[in-house]
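Chain naming follows the written order as A, B, C and D, and within any one chain the residues start at number 1.
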Amino acid sequence: MPEPIRVTVWGENIHEHRDQQVKEIYPDTMHETIAAGLRADLGDAVEVRTAWLQQPENGLTEEVLAGTDVLTWWGHAAHGDVSDEVVDRVQRAVQSGMGLLALHSAHYSKVFKRLLGTSCDLQWRNAGERELVWTVDPAHPIAAGIPHPLVLDAEEMYGELFDIPQPDELVFVSSFTGGEVFRSGCCYRRGRGRVFYFRPGDQDFPTYHNPHIRRVLANAVGWLAPSEPRALPEVHHRPQPDWFA
Amino acid sequence: MPEPIRVTVWGENIHEHRDQQVKEIYPDTMHETIAAGLRADLGDAVEVRTAWLQQPENGLTEEVLAGTDVLTWWGHAAHGDVSDEVVDRVQRAVQSGMGLLALHSAHYSKVFKRLLGTSCDLQWRNAGERELVWTVDPAHPIAAGIPHPLVLDAEEMYGELFDIPQPDELVFVSSFTGGEVFRSGCCYRRGRGRVFYFRPGDQDFPTYHNPHIRRVLANAVGWLAPSEPRALPEVHHRPQPDWFA
Amino acid sequence: MPEPIRVTVWGENIHEHRDQQVKEIYPDTMHETIAAGLRADLGDAVEVRTAWLQQPENGLTEEVLAGTDVLTWWGHAAHGDVSDEVVDRVQRAVQSGMGLLALHSAHYSKVFKRLLGTSCDLQWRNAGERELVWTVDPAHPIAAGIPHPLVLDAEEMYGELFDIPQPDELVFVSSFTGGEVFRSGCCYRRGRGRVFYFRPGDQDFPTYHNPHIRRVLANAVGWLAPSEPRALPEVHHRPQPDWFA
Amino acid sequence: MPEPIRVTVWGENIHEHRDQQVKEIYPDTMHETIAAGLRADLGDAVEVRTAWLQQPENGLTEEVLAGTDVLTWWGHAAHGDVSDEVVDRVQRAVQSGMGLLALHSAHYSKVFKRLLGTSCDLQWRNAGERELVWTVDPAHPIAAGIPHPLVLDAEEMYGELFDIPQPDELVFVSSFTGGEVFRSGCCYRRGRGRVFYFRPGDQDFPTYHNPHIRRVLANAVGWLAPSEPRALPEVHHRPQPDWFA
C-alpha cells in the first residue's frame, strides 16, 4: 500500500457566508464540498483536510505546508488579503515538490501569478452560459474517464486571451454559448512541483457537485502528487572533480 | 533590400474542375487564388509560383524545391496520388530549412503526417457553420493584425480530438456553431525547417478571398521563411579535439 | 494489485554473434540482458518477453504488439532489414498507446525517425570516452534514484547537433571527455503513446550491466506504460448536437 | 527602413569600480562595453543607451522603459539593491512586449526570478575553466553565425541543476573542463514579451570582448525586439455577441 496523498483544500470562505445563492449551493462551504468529494472519490488513497483565509497565517503555516502533498486553491474576492509571507511560503513549497491545483478565479491569486510570471488576465462574462470542456490530450491522466465534451449547463464564461505562458501540457479547451474559447486545463512544472489550472467552478453554480468535475479534481490530485521526497535546490559551490585538468 | 521570399503554392487541383460550387468560388483555381493573394499582399517581398498534382513529379522536382523557401500545400481528394518519392523530397526540404504551410485538409496529406508522426485524425461536419478563430498568442507574428475573433460566416467544422503532437507554439483556437473547438493555428519545428498548420479553407466556401485569412497566410509566409541557407545535418564521425584525454 | 506491465524487449541480435568483444560482454545477447535486468529490478510489476529481428515478421506480429504495453528497441547494424510493414505496425501501436523505449543507436531506426519526423542525425566517435549523464529534470520519474552525474567510464560519444524535434520533456544531458554534449534522455508524446530516447548503450561496453542504467530503464518502463486502454483515433463525421443552430 | 530597435543596457556597475581585475578588463565598465559592441555590430539598426543601479530609480524610470524595446541586464553583487517598484515596472514592461536579455549572474536577479517563478538556483565554480558553447537549435536566429562549439578559454563554471522552467526554446548547451553541463541559452515568452538568458559573462574574464559572444548578443537583440506595439492585457467584461442565445 502506498502512503496516502496528503491534500489540503484551501478556501477563501467569503462568498459562502455573504451571498445567499452561494450559501444555498454550498451550505457546507465550497472547500468542505471539494474536500468531501475527494474523500468520497479517492478513499484511502488520500488524507484530506481543509484550511481557509480567516485562520491564523491564512491557515497555511509552515507545518501545514510541510504536511501537504497537494494544495487546492479557490479564491476570488480577497486575493489581496493573503499575506505575502504566506505566498512566499506556498511558492517555495511548490518549488520543492508540492502540487498546486488552482481552481477557477485562482487564476488571479498572488501565488498563481508568482509561479507563472504573467498577468494571468482574461475576459469574462457571467451570464450562466453552457460550457463545453473538450479534451485535447486524451492519454493524459487528468482526462481519464472524462466525457468528451464534459457539458456544464450554466457557468461563468472565461475567454481568451488568457495571458499565461504556453502550458507545458494542455489538457482541456472549453467553448461557451457566446462562441468564446478558453484553455481550461493547463499543466506547468515549477522546480520540483507541478501546477494544474482548471477553469470551471464559479461560486454561483453547482459545479463542484458535478461528478465529472469531481473526477477531474481527483485525477488532478493524482497527477500533482510528488513521487519523490520534497527538496529545494540551492546555489552552491561545486568541488572540482578528480579528473579536473 | 532583402532577397524576396520564394513561395511555391501547391494545389491538388481537382475540386475546381469537378465541383460546380468550387468552380464558381474559385474560377482561377484555389492555388492561383492563394498565389494572387500573396502577391497582392506581400508585393516585392515575395516571388510566387504555383505547382499542382497533375504535373510531372507532382510539380515538385528537386529543382523546384531547391528554389522554394516556403511551400504552401492544399490537398483533399487525392492525398494518395502524391508519389512517395515526392513526399520524401518535400520532407527532406523541410528538414533542411524550407517552410511548409499546411492548409485545411492538408492535415491528412502524406507529408504532414510524415513530419508529425501521428495519425492527424480529427472530427468533422460540413454544415456551413460559423467559425470563430481566436488568437491565443497575440505577440506571435502570424497573428499580427488579425481580428479577435476572426469571424467566418460559413465553414466546414473540424473538431477535437485533433491527433497531433502538442504544437511548439499554438497561435489560434477555433470554435464552431455546434460548440466544438479546434487548435486551428499550430507551429512546429522539424530540423531546420518550420511548419505551420492553418485550419480554415474548405473548398466549398470563399475563405481564401477573405482579407483576414489572406493576411494570416501572408504572415505565415514571413514566419516560415528560413533566415539561414539550407543545410541538412548528417551523421558523421567527429575528430578528437586537441584537449582530448 | 495493478496488472503487470507487459514489456517486449526487442533486439537486433547481430553484434552479439558477429563481434567477439560483444559476445564476451553480453554472452546471453543484449536483449536477454536487458530483459533480465527489468525482471530483476521490477519483479511482479512486469511481464517481460524478448523478440528479435530474425524471427518471422521481425518478431513483432500484430498479436505480440497487441499484448505489449512497452516496447524497448535496440538496433544498429541492420535498421534497413526491419520490414516497412512492421514499422507501420509499431508506429500505429505507439499512436494507440504503447510506450516505446528507444535505446542508443535506435535513434536511427525507421520507427524512431517515423515518429519524430526529423533526420535524427548526430555526431559520434567511438573512443571509449567517459560519459557523464546529468539530470536536468530532478522531479521526473525517469530520474528517480539516479546519481547526478551518472558516470560511465567508457562509452561511445554522441554529440550535438542531434537533429530531433525539441523534446516535450528533457530529462538528461550528457558530456564526454572530448567536451561534447548531448541531449541523452528525451521524452515525446505521439498520439496516445509515449516515447523515451536514452542514449547510453553501445554494444562495445558493458553499459546494460550498470545498475544505474538498469534503474533508468526500469523507471522508463514505468513512465511509458499506458494508464488507459489502447485506442486509435479516427477521422469521423460528427453529428450535430441538440443545440445546433 | 524599419525603425531602429531601442536598446537599454543596464549594469550593476559595482565590480568595475571595486575589483582591480575587472577594472583592467573593462576600463569603460561592463555595460558601456556591451553597449559599444551592440553599436558596432548593429549600426543604424539600433539606438543604444546605458543605465545603471546607482541612478535615481535604478536608472529605469517609466519613461526609460517606455522608450526601450530590449533591456539587457547584468547584475551580481547587489540584486537586493534593485527596488521592488523598479522590478514591478520591468516585469510589466516585459509582459507588455519589451524584450529582456538576462546575462550570466542575472539568473539570480529579482526580475528574472519573477518572470520564471522558480528559484533559478544552480551550481558554480570559479576556476577559469574552458567553456564550450554548443548549438542545439541551428536554425534559431540567435545561433546564426556562431561557431559550433564556441570556445571560451576561461570562464566561471555554471552547472546543472539549473532550476528553471523547461525553456520554450533551448538554443545552447555548455560543457566545462570539469565535465559539467549547463543549459546556457534559454528562450521564454511571458505575455507579449520575450526573455533570453545567456550564460557566459563572468566579470573576471574578457568574455564581452569576444566577437562571437558579441554576435550572440546582437542576434538576441534582434530576436527579442517586439514586432507589435506594446500592450498589456486586462481582465475585462466581455459583451454578449449578437448570436448569443
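As a working rule, contacts are C-beta pairs under 8 Å (C-beta built on N, C-alpha and C of every residue); 3 or more make two chains touch, one makes a residue touch a chain.
Remember, it's a predicted structure, so these values are computed and weren't measured experimentally.
Annotation of chain C and chain D: jointly contacted by A, B, touch as defined at the top.
To fit its Cα atoms onto chain D, chain B must turn through 180 degrees, a value rounded to the nearest 5. The chain with its Cα centroid farthest from the Cα centroid of chain C is D. Interface comparison, A-B versus A-D: the pair with the greater number of contacting C-beta pairs is A-D. Our note on geometry: chain A versus chain D, Cα centroid distance of 32 Å, whole angstroms. In whole angstrom, the spacing between the mean C-alpha positions of chain A and chain B is 37. Counting partner chains per residue, chain B shows two or more touched chains at residues 130, 137-138, 159, 161, 166, 179-180, 189, 191, 233, 243, 245.
Only residues 97, 130, 137-139, 141, 144, 189, 191-194, 226-228, 231, 233, 243 of chain D touch chain B when the two sit together in their complex.
Every residue of chain A that touches chain B in the complex is listed here, in rising order: 130, 132, 134-138, 148-149, 159-162, 166, 169-170, 173-175, 179-181, 183, 243, 245. Of all residues in chain D, those touching chain A in their complex are 91, 95, 108, 114-119, 121-125, 127, 157, 159, 161, 163, 165-166, 168, 177-180, 188-191, 232-241, 243-245.
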